[in-house]
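So the structure is just underneath, and the comments pick up after that.
We call the chains A, B, C and D, going by the order they appear; numbering starts again at 1 in every chain.
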Amino acid sequence: MKVSIIGATGYTGAELLRILNMHPAVEISYLTSESHTGAAINTIYPHLSGVYDRCLVSMQAMEDIGRESDVVFIGLPHGHAMEVGKKLAGTVKIIDLGADYRFYNTATYETWYKVPHTHKESGAVYGLTELYREKVKAASIVGNPGCYTTASILALAPLVQKQLVDVTTLVVDAKSGVSGAGRGLSLGSHFTEVFESVKAYNIGGHRHTPEIEQALSELAGTEVVISFTPHLIPMARGILSTCYAKLKPGVTPEQVDQAFADLYGREYFIRLLGRGGYPATKNTRGSNFCDLGWHVDARTGRVIVVAAIDNLVKGAAGQAVQNMNVMFDLDEKTGLNQVPVYP
Amino acid sequence: MKVSIIGATGYTGAELLRILNMHPAVEISYLTSESHTGAAINTIYPHLSGVYDRCLVSMQAMEDIGRESDVVFIGLPHGHAMEVGKKLAGTVKIIDLGADYRFYNTATYETWYKVPHTHKESGAVYGLTELYREKVKAASIVGNPGCYTTASILALAPLVQKQLVDVTTLVVDAKSGVSGAGRGLSLGSHFTEVFESVKAYNIGGHRHTPEIEQALSELAGTEVVISFTPHLIPMARGILSTCYAKLKPGVTPEQVDQAFADLYGREYFIRLLGRGGYPATKNTRGSNFCDLGWHVDARTGRVIVVAAIDNLVKGAAGQAVQNMNVMFDLDEKTGLNQVPVYP
Amino acid sequence: MKVSIIGATGYTGAELLRILNMHPAVEISYLTSESHTGAAINTIYPHLSGVYDRCLVSMQAMEDIGRESDVVFIGLPHGHAMEVGKKLAGTVKIIDLGADYRFYNTATYETWYKVPHTHKESGAVYGLTELYREKVKAASIVGNPGCYTTASILALAPLVQKQLVDVTTLVVDAKSGVSGAGRGLSLGSHFTEVFESVKAYNIGGHRHTPEIEQALSELAGTEVVISFTPHLIPMARGILSTCYAKLKPGVTPEQVDQAFADLYGREYFIRLLGRGGYPATKNTRGSNFCDLGWHVDARTGRVIVVAAIDNLVKGAAGQAVQNMNVMFDLDEKTGLNQVPVYP
Amino acid sequence: MKVSIIGATGYTGAELLRILNMHPAVEISYLTSESHTGAAINTIYPHLSGVYDRCLVSMQAMEDIGRESDVVFIGLPHGHAMEVGKKLAGTVKIIDLGADYRFYNTATYETWYKVPHTHKESGAVYGLTELYREKVKAASIVGNPGCYTTASILALAPLVQKQLVDVTTLVVDAKSGVSGAGRGLSLGSHFTEVFESVKAYNIGGHRHTPEIEQALSELAGTEVVISFTPHLIPMARGILSTCYAKLKPGVTPEQVDQAFADLYGREYFIRLLGRGGYPATKNTRGSNFCDLGWHVDARTGRVIVVAAIDNLVKGAAGQAVQNMNVMFDLDEKTGLNQVPVYP
């Protein structure tokens, strides 16, 4: 299977390469970069030396890319991916790791991302694999979920789907490593500013909010509005999402357990630590696992669910490859058998 | 003023020494340790070499300690401090950095700490200085607040006091550096286990919960029950407390602003970053400051308050010295003019 | 191929499992632990859940282990491995990750490790694969090199072998992440003590010193004595070894370059960054690569070589699997195609 | 005493403000910044809120600054400080934290810094206080030493001064936290690139090399050339300098001990951990201490000295204030009684 990556020099692109290298059915076709055209990828990411020494090309050669690829991953900033998507649609399968194809209602996209959506009839499918596997299987374009969203939706989906919680009480407090902010320079990602510090940011305004709400609303059968607060943690990888909800009157801890077992009992990449379990991001690092633990607090009538993922794997490149496997009818785990790197 | 520290070899004891060294009115009288009796404190904490080279004594010499001290700080595990407190009560002022003297209702203490309270008539005062200054001034025994509690109570007090929020909706999601777990060895504080990882712990059961509830209930005039979730963050110092509450109908952002200004406008150690402000623990490191920022989210009807402190300073030793200053009628800032150590 | 691990619950054991999971020819037979007999490995290392859920057995069942294994990895403290080795010798291939089988002259072992060597006629081979591949191929017992030693020997071997440097001037200054200290609790590995700090330890006395000297002496054809200083760095994985030597008079930079090319030009796991290159541990993390860069300083007449490895992979479990592949005539890279986990 | 800082918005400027705040004789006059003219310093460094809220001015107002200052600290890039120095010379005392005034032989400066020196007749004194105290006392302009240089010179000075070591064998392997690279954005200081990684840089070419050589040559009475290798460590503050030298034949460990005692026995800021001592950067963090430990390795005939400092304090702002105290005949410790912030 021939694979190209449009916009290969971000952390997500590098992570795709790491994972695809272990995928037995994949052959890399093109890697593009507009800022580094002509450079070998390993001069930009020396850790890839000896693994990928291939040169980056411009995405201007889009026809060649389309012709010599079976699937294209897009790692461009939002707004740019849909331009590529329009050109490639119908010729190759597309998996976009940005936001352009994540919203069924493109008006929501336009409200939160402040740009007009120019590819409304794409037929894109939202690629949270465990929840939308059948749709992904049939899709030509997949909008791969965000990192915070993957963790948060997976944490809350069983409870919302089974109507066990009051959806007006949902609070998601998430903590992310700094790689989520990308490789672009900013004071907010400067080592000495981030190290030995924790802070919240974008309270009430983070763009992953409507994505979580879209999925939960669909599961709930009613419009769900959540409070979502992201935090920056002094580590490179990992997201921990701590989710709060009031249980509906009479809901038992066993019903909560059952909801998780029902939805995820057969999912390889979702590891249920059970009631009382405490996921840690380190246990998932470098792997496509999402670890879930939940707690029923009788004193407050709340259920607290904690989800841990590696933001670059299950939160980005890993889930993208998982979706690729589904789209091409391969075993979903192919190329994704990396064991977490611990410690 | 002669000062002794009972149980001086924990991180809190070392931090007290750091701060007291800059206090012009303080002279150290005794430092005790049962496990290191006879050792010089700087063999246990080499960073104190040249500053404190004094030897540790056993607290068996309690009469001497009482006679030659004006104030005694207690840094013992819960259950042990009240034994010391009973012996010294009436002869010296006492500031306990543990939990034994934090609860007005000792039954609450007994429920959460699983030991009988043996000093119920101590007359101890809860030492969250900004809220209980007048009581501290008159107190003989002060129960110095916990680290999580200091940040969380200070964050929510203005809103609860002014009745601006629905107190049945309070969620406190807190993140702490590892020094909060002390110097005792455990796999949970082992470098390679903690580094590059985040996790929650003690969900629904952390002992700082009833302490926060005690203060908020008093402010609210009604019993308040909260969800409190602590997290361990890969850094040494710092606590960030992110607090969620539903605003009561009709409450305006300006009323929220006013509540903070009213309660803290004249407080030196509380820095109001204002509506939209984002405290970071790094900005408080090594200092007694508590930074507060708040956010009114019209979409969800919630107010989110973020508090940042250094857990060992405002969350422990710094506030203890602040209380000492109040008890001895000194300028509250004496010895506490450390500027945050940044970066 | 059936594989057992004696002493599977250290970081090295866990890392072996991570790597072996991707080895197509390997089937795990037994995992032993005396302190956790009967427990499932994933209760001790939750990151292995869903990958390895197998129970730990006692190594008392040594006969079974020998009968049902083709190769046994030993992850026991020094002194204990040779007891196992004596029992299993002749029935299975053995790869010991400790020090017991690393010294040709067991008197050197006894001097530095302070215990009598009880398996002197083992015929063990020192498993620094790139230098001793042919011997490893024929070996029944391999003493897998230490972490510091792997990096340091690989850095200096080309220069010493080609007689380009004055071997009386060798200084090795090495920096290691904390995982090298293992999972055993100690104040020296306590998070808050290690974090935001660097220190040297065991100056002049670290046990990897004679191991480096053994290899360099053999290459030089004369007895080599080095200064070796290890340092502890606040990170989990990685070793950087900075090696200093005076060039012999008249040696040119090109001769230095050629020495590296000659010895390592065809080695997959050794990546030559060339003269002026700067290895970083992060570029090797999670992989079996050793990155080398060197610098010729005309001003001082010294050559400085820098080597970077992941201490748990090329410095332990990865090289052990590499040796296993050599011993069983498999492609040396089998199971070792992990791309470095970056960032 | 009126103090101004020219170029106040770097980490060194911020650290000067932290320290000067505790200096009882100091009153801040002007803080300048060309890029942030008109902004309040606490908008750039929020940790200073409530401590310094003063506005930054342009250094165009140099005459005012000169008139209303007793001493001026300069925190400008090299090449720029001497322009300021020329204007202010003779009117105020000057302490430059950059390289412009560090070299007695300005040709050395020009060779390594690649710019012409335009203030050759400045009469500047090199401000490594413990070694040049008497000269500093009489100086009008002080070139404050670099961070690596302070640690490295202090480590080697006793041995070189007493002629105990062969100065052709000096190797300095230094490790620095990232704050040494400043607040300017670069991929090399990007959190995710630096974290969990160690690397060397500028081997054989770092500009602190000639500074160390200048001081050691003067002490040795002969020209000294050293190998100096800096490394970047994933922490914010701290420098550890590990220094290697061959002892001259017949030199005893006691002579080494005596050399340290003779030179530093009465120095408050230099803490001698003795032979066998292991300094750790954490023990000095936030303080002006330099910790020294040394090791005599009979096996190799080498002495290894380890120095630890906080690069922003003893390696920059702290030593600058120490020099200011000397220049103004104050107790050298004034304002510098900060106890290290541990852990």
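The criterion applied here is as follows: a contact is a pair of C-beta atoms (placed from the backbone, for glycine too) under 8 Å apart; a residue touches a chain by one contact, two chains touch by 3 or more.
Quick caveat, the model's predicted, so the values are computed rather than measured.
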Chain pair with more C-beta contacts, C-D versus B-C: C-D
Identified repeat of the A-D interface (over half of residue pairs identical), from B-C, A-B or A-C: B-C
Distance between chain centroids, defined by C-alpha means - subunit B, subunit D (Å): 36
Centre-of-Cα separation between subunit C and subunit B, whole angstrom: 46
Interchain centroid distance [CA atoms averaged], subunit C/subunit D, Å: 38
Interface hub residues of subunit B, defined as touching at least two other chains: 11, 177, 179, 192-193, 195-196, 234-237, 280, 282-283, 285, 343
Interfacial residue positions of subunit C with respect to subunit D in the complex: 169, 171, 173, 175, 177, 192-193, 195-201, 203-204, 225-227, 229, 231, 233-238, 240, 242, 244, 278-283, 285, 295, 297, 299-300, 302, 304, 306, 308, 343
In the complex with subunit B, residue positions of subunit D that touch it: 11, 14, 17-18, 21-22, 45-51, 179, 195-196, 236-237, 268, 271, 273, 280, 282-287, 289, 291, 337-343
Residues on subunit D engaged by subunit A in the complex (per definition of touch): 11, 177-179, 183, 185-187, 189-196, 234-236
